[in-house]
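Okay, so chain A shows up in both of these, paired with chain B first and chain C after.
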Partner chain A sequence: MASVAGGSAAETPPAAPRDPGHSLRVPSRRELFERIVSLREGSIIVVTIVTAIYFSANTSSFFTGTNFKTLLPYFAPFAILAAGEVFVMILGEIDLSIGAMYLFAPILFYKLNTSVGLGLVPGVIVTLLLCMAVGALNGFFVAVVGINSFVVTLAMLFTFEGLALIISHGTPVATPGGQLPLDTFGKVFGGGTYSEIIWAVAIIAILQVVLTFTRWGLYTVAIGSNKLGAAEAGVQVKAVMIRNYMLCSLTAALVGIFEAVRSATVQPDPAGANEILFLAVAAGVIGGTLLTGGSGTVVGALIGALFLGILRDGLILQGVNANYLLFYTGLAVIVAMSANVYVGRARRGHGGSG
Partner chain B sequence: MPDIDQAHEALERLDHLDRREVDRPGFDRRAFLRRTALTGVAAGSVGSILSACGSSASSGGGSSSVFGSHASYKFVFVNHVTTNPFFTPTQYGAADASSLLGCSYQWTGSESSNVNQMVNAMNSAVTAKADGIAVALIDLHAFNAPVEAAIKAGTPVVAYNADAVGNARLSYIGQDLKKAGEKMGERIVSDVGSGDVALFIATPGSANLQPRIEGAEAAVKASGKPITLHTVATGAAVPGELSTIDAYWVGHSSTKGMYAVDGGSTESLAKVMQKYGLAGKGVKAGGFDLTEQTQSLLKAGDIEFTIDQQPYLQGFLPVLQLFMYKVSGTLSGLAETDTGLKFLNKETITPYVNTKSRYEGTATAAKVIA
Partner chain C sequence: MVDPAEAPDVVPPTSAPEDVLRVEHISKRFGPVTALRDVNLDLKKGEVLGLLGDNGAGKSTLIKILCGFQKQDGGEMFLHGKPYEPKSVDDAHAQGIGTVYQDLALIDELSVYHNLFLRRERLLKPLPLLANRQMKREARAALDEIGINIPRIDVAVARLSGGQRQAIAVARTVNSDADIILLDEPLAAMGAKEGAQILDLVARLKQEGRVSIIMILHNYVHVLQACDRVSMIQDGMIALDKPTAETSVEELTEIVVNEYRRARAAAHAEPG
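Moving on, here comes the complex of A and B:
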């Protein structure tokens, strides 16, 4: 292993010496094997399993079929949100506007359906396209104009949360296609018990393949590792960045629609959306994606979301009260992340020099 | 004994041990830090203490001599703003009813009116085989299916604080929100008479507030007086509400009366009234609920009235009703309950200002108020 790592290090741009797997070329079969045995998500998987075992041992209702269904909406929407966010975080940027897209998309969908008269599916498609346009705007301001992504996307967060309040008149409405009894549309777009988890697994599988095996993914990692180097190597940096922001807005808009269909109501209150934003970014980071960019994993985002979901569901099952819930969640994240770093260190120690 | 007290006790005991170490003359700083770190770990394990308490259910104290030996029921409150101070007395009410009846309760839901989180918490409560659920029905659509599913799964559900038309909940315990709005509207008609009136609401459309606006509008319209109502959304956080109402007054200083339909907006409105001395200029104002700020500004005469809806009872009565429903084998217990609509003015607010109590969430210890 060490020899392979050393061999690839010679070809890797000097800015990313610690990550031999990700260079600007298609990896060989042996490197792929190596990457699988030393999974970046390895440590958080261990931590998540330990958390699940803890709750199974302490709460009789945790390890049951009913709770499996209960647990799904605790993490599936966050996994999809975090999957898109990972593509932006690997660039070394951030997208805070996903909170606004989550809020804005179902309201737009409602308006398109009721005021413009679009059908349910065309309404969803147009909504997603318009939200992707917002993502392109994010990317434009960050990559072309050159404003810090935190500021750009914070501004967009405010703008579109405000717009959501304006066009909804601050009033919740019934989600089109989300009312009982659910038809096929409602069951597919978030209303069915397994709808969100199927979407989450599919989206994560596709995006992980994109990240690992395609030029788009490799360019994304390259830009996050060394933007200037990537540009000089001929990567269309601005185009890739804009594309990633569009992807991030797309996943956030999709989750917004799913959650509105699931709860049968379109809510305009930004407070709830902002909390979703923080949890999604946290899921990405806990899953093993660096906030500083250059390294990340989509599957990790799923595991990170699963960890947070298990924690919340498990604590509520145990009977923890709201004021204590935050307290325990905070403690558990610190403990889990410490274990994560520790396990990660042990893994690197075992996996060779790199 | 409710879980919350056990956890408190455990934490306080740990704190106490540490304090003793500090007081000792030969104090070892390094050992102290190590122990402090251990306290953190120990605090983490309080979760398991809690669950242990939950499972060690026994027949509940005094209540079993009245109702016969019963299991230690566990009731779950699903709330939309779990950490909002309005609901502090509600939690005391639930805790007091629980210890009176030998039950336990859990307070959970969303911190930020996120209905998806509330629905998740409801599902968890059903999964955890709670003996009953009390939920604030802040949305007209979101809770219909989950409430039906819970009742079908054998978990009784009552609504508190906010109600939704057409929901299958077994009873509602809280203010009659529409009627409260109408009474406020009648007051607006008699106090203002004519001109522009602002109505502030934290989150328009939410089922716990919007009916008050509708009630006020209906009463003003029915009076036929030339009053123009302007509904203004203020947002869910007090600092934002304050600046919204401040800005509204600055931009609309011909307004004859300003009223709020939620606790946060009422407090902010009272502060703006005080800031510009508007009561002295003849601007009328009033609102809902009894935060400490609202109490003292009402006493000082900055607003004319506030309306009490007894949040304590909104915690106490759901536990009582669910308990009765369980021990009576579903024969008794449920009753639609209006927790009231009490106008308090500059004089009648005095006992509230002068007392600290669990009924208003201003004291932690129980005591009889003479």
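Moving on, here comes the complex of A and C:
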């Protein structure tokens, strides 16, 4: 590609300077629409709004305050999980072990609180640190040993879901700090109505800033786009990869604790955890992050999660048989992704040589 | 195979106090393949040294060792007379050695100015946030000074032509305060006009006299035009080291052809 482009470049006259008046002109409605759609998150924003309008028109109870509260747990946890996963996906890798961290963290938290006697907040902190150590282990096997990330994290998924079953003897227990009446700890860590959504928005905002406006984010994109090139430029590739895996484990562990506090029960259920894992990956992908790496958005992960939440909530309100939910979710992912690919092509379309 | 001791006109190590960079008896193997056998090289302050050699002669390997990306198996290097053992690209960079790689090391998905400032990002101190406006401004100024025409610096480099990408890779290193610059085929993928721009840039840097340059080139005419001195690597060793004023395209061509003939004769002479 390079030699062809170089040959033609010699014959092309130097490009004219940009029209200085261009940015001052008020864009037409069509241009505005094109600009929104050509955002990385653009297509899923449109798809999500259309879905919300559809359910508002077809069910009387969708667009109500009560339903908004019902909707929250359908998407806030997935948004947090997907935000961490996006950092791994931009590297061109994947982390399946978030399912295990989600399951393992509250069990560890329970043991630290009841058997070791740690307080609630110290218990959470130690749990998060230990889960981040697992993330570092993921990163070590992927970046240093060089094993495919799908294989590494699948193995870790089995291992830590297994460990969760061993430690808990497969028996549900009452979450420490999650029992009624909730104190401040319970309200902050997932039990309050708006707790998870506040955490989600805060985490998404921070991580989007990290991705777009810090070296860490820049290097993450650089590694996903050209790993060798990033290394040659002096980026500490292994350190960044390990750090991103630690972040991903951290967000997963946090969500595990939130959900255990919210539901008041630590539920050792690997099947449920696996479904949550895949929905989180789906949210990231639908939001516009490429599984192949080099490009991604944290805000998109939130919107992807919102789309999946609206879809699930709306279908339930419409009285769709519960057996159909997974089926419709699958179809919706295909449709949303097709829209993403189409829009992505349009975005790169003009004069793109790569 | 030709035994190194028997091979004629192999350049021995030299020592001169004005050398900014000196390389002695460097060797490097990749499994069964010997990339560098015994390389001796020196670079004087403000000098432009052209490095020639056929594909696979070991030019790029030598550059990667000099810039800290790979470690040699044997031999020593000296920077300003002191032992030079770079632990990483960053370490080499901190010691003043900047590199433009053959595969460019550009990040397709990042913008022109982020590529220009990769690993030297400007920050909005005390915040750890990227100073994008400042980087854009400085990138524009740097490219203008170098005389490289990139219409937009906020687009991803994936959208640029091969020549423009090469120009950005060169500009990144020139702009990095390195006092020794290694250019691995800076004219590959370039149109005639863009290539001339890069050679002009090298000439201007030479005039300033601040930096010393080692440049891998394929075109002998370019070497004679742009370099003070030429070193030719053959079979993992330096087979010629002369000021460009004392050599010619004919002589350089002859050395390559003779080496080819000798290698063929040696291959025929071997039993089996």
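Criterion: the second predicted complex is superposed on the first by the 300 of 354 C-alpha atoms of A that agree within 3 Å, B and C clash if a C-alpha of one lies under 4 Å from a C-alpha of the other, contacts with A are read in each partner's own complex, and residues count from 1 in each chain.
Everything that follows uses one rule, which is that a residue touches a chain if its C-beta (ideal position, glycine included) is under 8 Å from a C-beta of that chain, and two chains touch if they have at least 3 such contacts.
All values reported here derive from a predicted model rather than from experimental measurement.
*Asks:* Examine A:Asn226 and indicate which partner it touches, taking first as chain B and second as chain C; both and neither are also allowed.
*Replies:* second
*Asks:* For A:Tyr328 in the superposed arrangement: first (chain B), second (chain C), both or neither?
*Replies:* First partner only.
*Asks:* Applying the touch criterion given at the start, work out whether A:Val235 contacts chain B, chain C, both or neither, answering first, second, both or neither.
*Replies:* The answer is second: A:Val235 touches chain C but not chain B.
*Asks:* Name the contact category of A:Gln318: first (chain B only), second (chain C only), both, or neither.
*Replies:* First partner only.
*Asks:* With both complexes superposed on chain A, which partner does A:Arg215 reach: first (chain B), second (chain C), both or neither?
*Replies:* Second partner only.
*Asks:* What is the contact status of A:Ser295 with respect to chain B (first) and chain C (second): first, second, both, or neither?
*Replies:* Once the two structures are laid over each other on A, A:Ser295 reaches chain C alone.
*Asks:* State whether chain B or chain C is in contact with more residues of chain A in the superposed arrangement.
*Replies:* B
*Asks:* Give the list of chain A residues in touch with chain B in this complex.
*Replies:* 58-61, 64, 66-67, 69-70, 73-74, 77, 165, 169-175, 178-180, 259, 262-265, 267-269, 271-276, 312-313, 315-328, 331-332, 335
*Asks:* Residue numbers of chain A touching chain C in their complex, please.
*Replies:* So the residues of chain A in touch with chain C come to 1-11, 14-18, 209, 213-215, 218, 221-222, 224-226, 228-236, 294-295, 351-354.
*Asks:* Which residues of chain C touch chain A once you look at their complex with the stated criterion?
*Replies:* 69, 88-90, 93, 99, 101, 103-110, 114, 118-119, 121, 123, 128-130, 132, 149, 151-152, 156, 158-166, 188-194
*Asks:* Sort out for me which residues of chain B touch chain A in the complex.
*Replies:* Chain B residues touching chain A: 3-4, 7, 40, 43-44, 46-48, 50-51, 54-55, 74, 79, 82-83, 104, 106-117, 119-121, 123-129, 139-142, 144-145, 203-206, 210, 233, 236-237.
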